[in-house]
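Multiple structures follow.
In the two complexes that follow, chain A is the common piece, with chain B as its partner first and chain C second.
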Partner chain A sequence: MVSGDAIAGRAVAARTDWQALARRGWRTKFTAQSALLAFLILISVPILLPYFWMVVIAFTARTGGVASDVLWTACAVILPGVLVYSIVHMSVASPRLRTVAGLVLLVIVGALLVALVGSKLHLDNFRFLTRANFVEELRSKATSGAQFPSVWTAFFNSLALALSQTVIILTVSSLAGYYISRFAFRGRNGFLQGLLVLHAFPAMTLIIPIFLMLHWIGLLDTIVGVMLVLAAIELPFYVFVMKGFFDGVPWDIEMSAMTDGATRRQAFRLVVLPQVRVGLIAVAVFAFIRAWEEYIFVRTFLIENKNWVMSLYLFWVSDDVMGVDYGIVAAVAVFYVLPSLLLYVFCQKYLTQMTIGGIKG
Partner chain B sequence: MARVELKNLRKEWGGATAVAGLDLAIEDGAFVAVLGPSGCGKSTTLMMLAGIYQPTSGDITFDGARVNDVEARGRNVGIVFQSYALYPNMSVLENITFPLRFKTVDSAEAERRAREIAALVRVDGLLDRRPSQLSGGQQQRVALARALVKRPHLLLLDEPLSNLDAGLRLTMRTEIRRIQRELGVTTILVTHDQIEATTMADRVVVMNGGRVEQEGVAEDLYERPSTVFVAGFIGSPPINFFDGEADGSAIKVHEASIPLADSLRGPVVLGIRPESLRVAAGGTPARITAAEPMGREVLYTAESAFGVIRFLEAGAEPRHREGDNVLLGFAPASALLFDKTSGRRIDARIVA
Partner chain C sequence: MPDFARAQLRRQRINFGLFLGPALALLFLFFVAPIVIDLVLAFTDMGRTLQVSKLTLENFERMFTRDSRLLGALGVTFIFVLTTLTVFNVTFALLLALVTTAVPRQLGAFFRAVWLLPRMSPSVVYALLWLWVVDPNERGLLNQIVVHVFGLPPIDLRNNHPLLVIILANGFIGASLGMLIFTSAIRSIPEHLFHAARVDGAGSLAIVRHITLPAMRWPISYMTIHQTLSLLVSFEYILLITGGGPFYDTTVFSLYAYRRAFESGEYAYGAALSLVLVAIGVVAALAMWRLMDMQKLLQPPRIEVH
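Let's look at the complex of A and B:
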């Protein structure tokens, strides 16, 4: 009897224990999740705030000064919104309810923003998009007509540079990567190591010799010159990345294509290339953005204003003896950052895979 | 469809010999299996037949014409890889019509032929799918269809069933055999699985160390293996080998002695298959050390005067236990004798 009671007592104790443990587990999970969320919000503030500020300035600033009241008002509305949503997200289990709550919050925050700062928004700072001689107007005292290009000249120069860069890097890195991946040749390992060393080498130190070389060749102050220099400096890394992707394509598939009647080139084009599509997209996006954001080389090698690219345009807009018009600088910056932002958003899932391909090599 | 011949075919990889002088003739429409352990040069031979590797020396002929210098794409050879090697960026239909892109076949005709062959290998309901949406067996069938759609002179199968589970392997064995018979295409199957080789092919070629050890039908390989290697490779569970010394009238193995009907001298290897041994009165005493039930039969390991010996007994229930003492006998005709130095079989008879 006694021993039977003892066993029953122990069983009851075990049952209550489970519930307490479950509660404790839930509490731990909740605390850990809130801590994580708080941490993520905290570290993303200094990263996101400058971008947010830039956008706010671009749409609100008037000539003369920057008022930060709009920024703080907006933050005061958006931050509580984010906090409320995080709490909802953690305490509501159903994904549908979460979405509904999120939408409701979005509407509330949007309405509050319109009510509080809506009247202060304007597009005045974007007038540089339509006026050809905008920079001269801006700094009228120091300049004469047509000394500065229109923003569209700079935009299309940047576009030409970035697109040609993409094409060159895609072509060369896919062909070279394939060759290094598939063919054994004397000095292949040395070549691969060389590629990495070249990538680690700070290209900036070469700027004077490159300047002189471009001058002697006659490509100084041309977009083509910058294009070649950038491509040469960036290529080693992309060749290495593409080699990694090609390593991941099984031999069998190529052999199969060749017994099916394809030439090596057809096998490459029809069967191998489609399998490294992710790599090609990643390389293309990175090459494009790298050329789009280039500043040092274009600043050094491009002199004539007709050759200016977006980064130089931004520089000259902000470089004003009469004091800077921050509204306009911010508006140009927004316009400048938009293409790369869109590219990142649309190609994000391919970009995250690039490192995977790279590691394989 | 073609008659394929290999004459003194060699392949060396910078000093290492993968294939060391291979002679083989395959009749038009025959199904031949090349069987051997990994690294015996069987896959290298296949790649040379497909035209992917160049032989170091020797000739490959299709219908008597030398094709050594014909590129892979010109040989009209269909190949199915162990990994299936389907093109993941194409649908099943595109995969099957792929080989016809490089021939003078218009797209309507190509699609008709693809559908016909897809029906033959029974994937006609899957033509719009991607390879990644197919099961292993279905991928296998698609790979087979792709290899066959161009009506190849020669069909090469490189371990085609190794990646399938046991049940599917059984089905695909019969399926591949049926399709081969129906089309009458000359086929070479490379495998390390003896059951696959003997059940599917008309003739089996056993390779080892880049050479042909023996070729023949399954019964020949099992009952009259020409070398120690073949005897050890064919048969499961593997044959018992005992090193012995023939002194003219008898063979001394370990502590036992077996009388000979023919005169023979020198070191020999005695081979007795586990299934030819019987527990019988008047045999050699042996003590059971392990009993492993295998379903229909039990595999025993025992210690005897010959050394360690393994034998099979029919029946699901083990009739002997560990430590039991039994008497083991075998029919003299079932024992195989090999010359120890050359490894070749000797036609000498044992008395009992």
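Let's look at the complex of A and C:
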């Protein structure tokens, strides 16, 4: 304390008010940061609001109408909450206080929401989970378009497609990635260049020949056909990603394994593969989300409704009942988007580890 | 040949087949073969019956002399690609990267995750959100604001300004990839450069102008070429949101090829159109490669900065 006073005293003697300078610096920084934050919140509204609107429709809409008052009431409660929290976050340094403030705010906002809109929430729109013929119930049988399968048919088709495609991509890309990362073989340069060309090649333009090819080999309108096509056109990207991960594993690890008597394949399976666990998870999550969301290829290659996947199911539901009942369409959309969002949220830290050509993405 | 050499050769071959075989098989069957089929198909007369009766140049003749819609599709493609690319995929992505790296780390990551949300959600869901936003009656999200906040009559963006809708819808997704790549480019700038600039009295804008932006030259060039190619051929969101309409107002070249093949059953003509689209893409990419002097990127750096 004494020495602190002494320093302050000397500063006063030099006619420089250090504390005022520090305050001014802090104020400038605070203003700039608040402005940036306000900008970020503002530009995030057009993204978050439609998602929120979808959730609101799914839990409140009834046949023939939507409850827009619920949306705006909820926004009027949540937005001030977010603003208060960001101010707290900016001005309070201690992480524990921040957490406590966040929890208190969360409880207040939650209680307000329950009090204001709680009575309007219902799960009626999720009846599509148990009743396959809800479309016919909404529209008379004559006007409803396609015969709808149960949502679970579409769900398990999607799951089968996404999982099997993920397994294929994981296996094939880790084998190939390891080989081009470690082995010298004739035509290695040519193979790498070819792979790069295929990676840059706009596969979407191949949809017509792929359609014909699947027709000729009898895989049109089968999940297996779509699975193979999706795996093939995404493969170059994943091979490069896996090569990047293998390149990061030091040679010495394999060398010592082989000195200890392991064969090349054993070294790969038992020693190197565990080292690239993060890469395998990233590739798996990415491939799963991609296959889960696929629309154009399944739309073109899958025809019969017993082969529908979730994207087609949602498309035809929205096509058929959009004008009549928003709620059920939104409920299907929420049900469909949930798995990929959960995966994305929980595996984000793995996804950011992916690199291709030195660029993280 | 001695025994051990033969055994080694055999092991090499087996390894090749084991590690690279599956990838080669998959790529040749479902990627290279379709390219070859497309090349042949473009010179045939395959129609709805899936029968080929002759080899012909008719498709290309039709394209260059008789197809009156093609010019419109080209124009739409040009406006769509250029606007989405310059406004969203590069400029806005850069802005997002700059701002999210300037705020505290966790907050920046949060907002980047928000902007990645559209990319991670299924395309049908994302398109549905847009349909609800631009819904022409008073239930549409945009119209709720337009009518109740500004007191204006409801607007119908999807029919009156369809091109704007598809540019916005694609731009919101396109911005996120650039944002990620620019963010990691900013992060890889050595920290001491920023400190040195601060000590020399540079303000925030001067730092962006003289330190950050020069370091972004290659990522920006790369993203421009990459996104031009991917915008040229992508039509998923357009098909889902406007269906290429009203009439042919938002039918970009790639969607035009798709519609010819799967709406009118003119498979050969669709294949020929796709072939021309690939050619356009290659020419555009090569021209930009030269223009931006990307060759320099591949030369080894003279000074290693770490």
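Assume the second predicted complex is superposed on the first by the 327 of 361 C-alpha atoms of A that agree within 3 Å, B and C clash if a C-alpha of one lies under 4 Å from a C-alpha of the other, contacts with A are read in each partner's own complex, and residues count from 1 in each chain.
Please note the rule applied: contacts are C-beta pairs under 8 Å (C-beta built on N, C-alpha and C of every residue); 3 or more make two chains touch, one makes a residue touch a chain.
All figures in this text were calculated on a predicted structure; none of them were measured in a lab.
Model built by superposing both complexes on chain A: chain B and chain C fit together without a clash.
Rounded to the nearest 10, the angle at the Cα centre of chain A between the centres of chain B and chain C is 90 degrees.
The partner of chain A that touches more of its residues, comparing chain B with chain C, is C.
In the superposition on chain A, contact of A:253 is made with chain B only, not with chain C. In the superposed model, A:218 lies in contact with neither chain B nor chain C.
Of the two partner chains placed by the overlay, neither chain B nor chain C lies in contact with A:95. Using the contact criterion defined above for the overlaid structures, shared-chain residue A:190 touches neither chain B nor chain C, since it reaches no partner.
With both structures placed on the common chain, the touch criterion links A:333 to chain C but leaves chain B unconnected. In the superposed model, A:229 lies in contact with chain C only, and not with chain B. In the superposition on chain A, contact is made by A:261 with chain B only, not with chain C. Closest approach of chain B to chain C, taken over C-alpha atoms in the A-based superposition, is 7 Å.
Put simply, chain A touches chain B in their complex at residues 250, 252-253, 255-263, 266, 270-271, 274-275, 277. Within the complex, the chain B residues that touch chain A are 47, 50-52, 71-73, 75-79, 81-83, 85-89, 98-99, 101-103, 146, 150.
Listing the residues of chain A that touch chain C in their complex gives 32-33, 36-37, 39-40, 43-44, 46-51, 53-54, 57, 65-66, 68, 71-72, 89, 168, 171-173, 175-176, 178-180, 183, 185, 191, 198, 200-213, 215, 228-229, 231-233, 235-236, 239, 264-265, 289, 292-293, 295-296, 300, 310-311, 314-315, 318, 322, 326, 329, 333, 336-337, 340-341, 344, 348, 359-361. Contacts from chain C toward chain A in the complex involve residues 12, 15-16, 18-20, 22-23, 26-27, 29-35, 37-38, 41, 46, 50, 96, 99-100, 102-104, 107, 111, 113-118, 120-125, 128-133, 139, 141, 144, 172, 177, 180-181, 184-185, 204, 219, 222, 229-230, 232-236, 239-240, 254, 257-258, 261-262, 267, 270-271, 274-275, 277-278, 281, 285.
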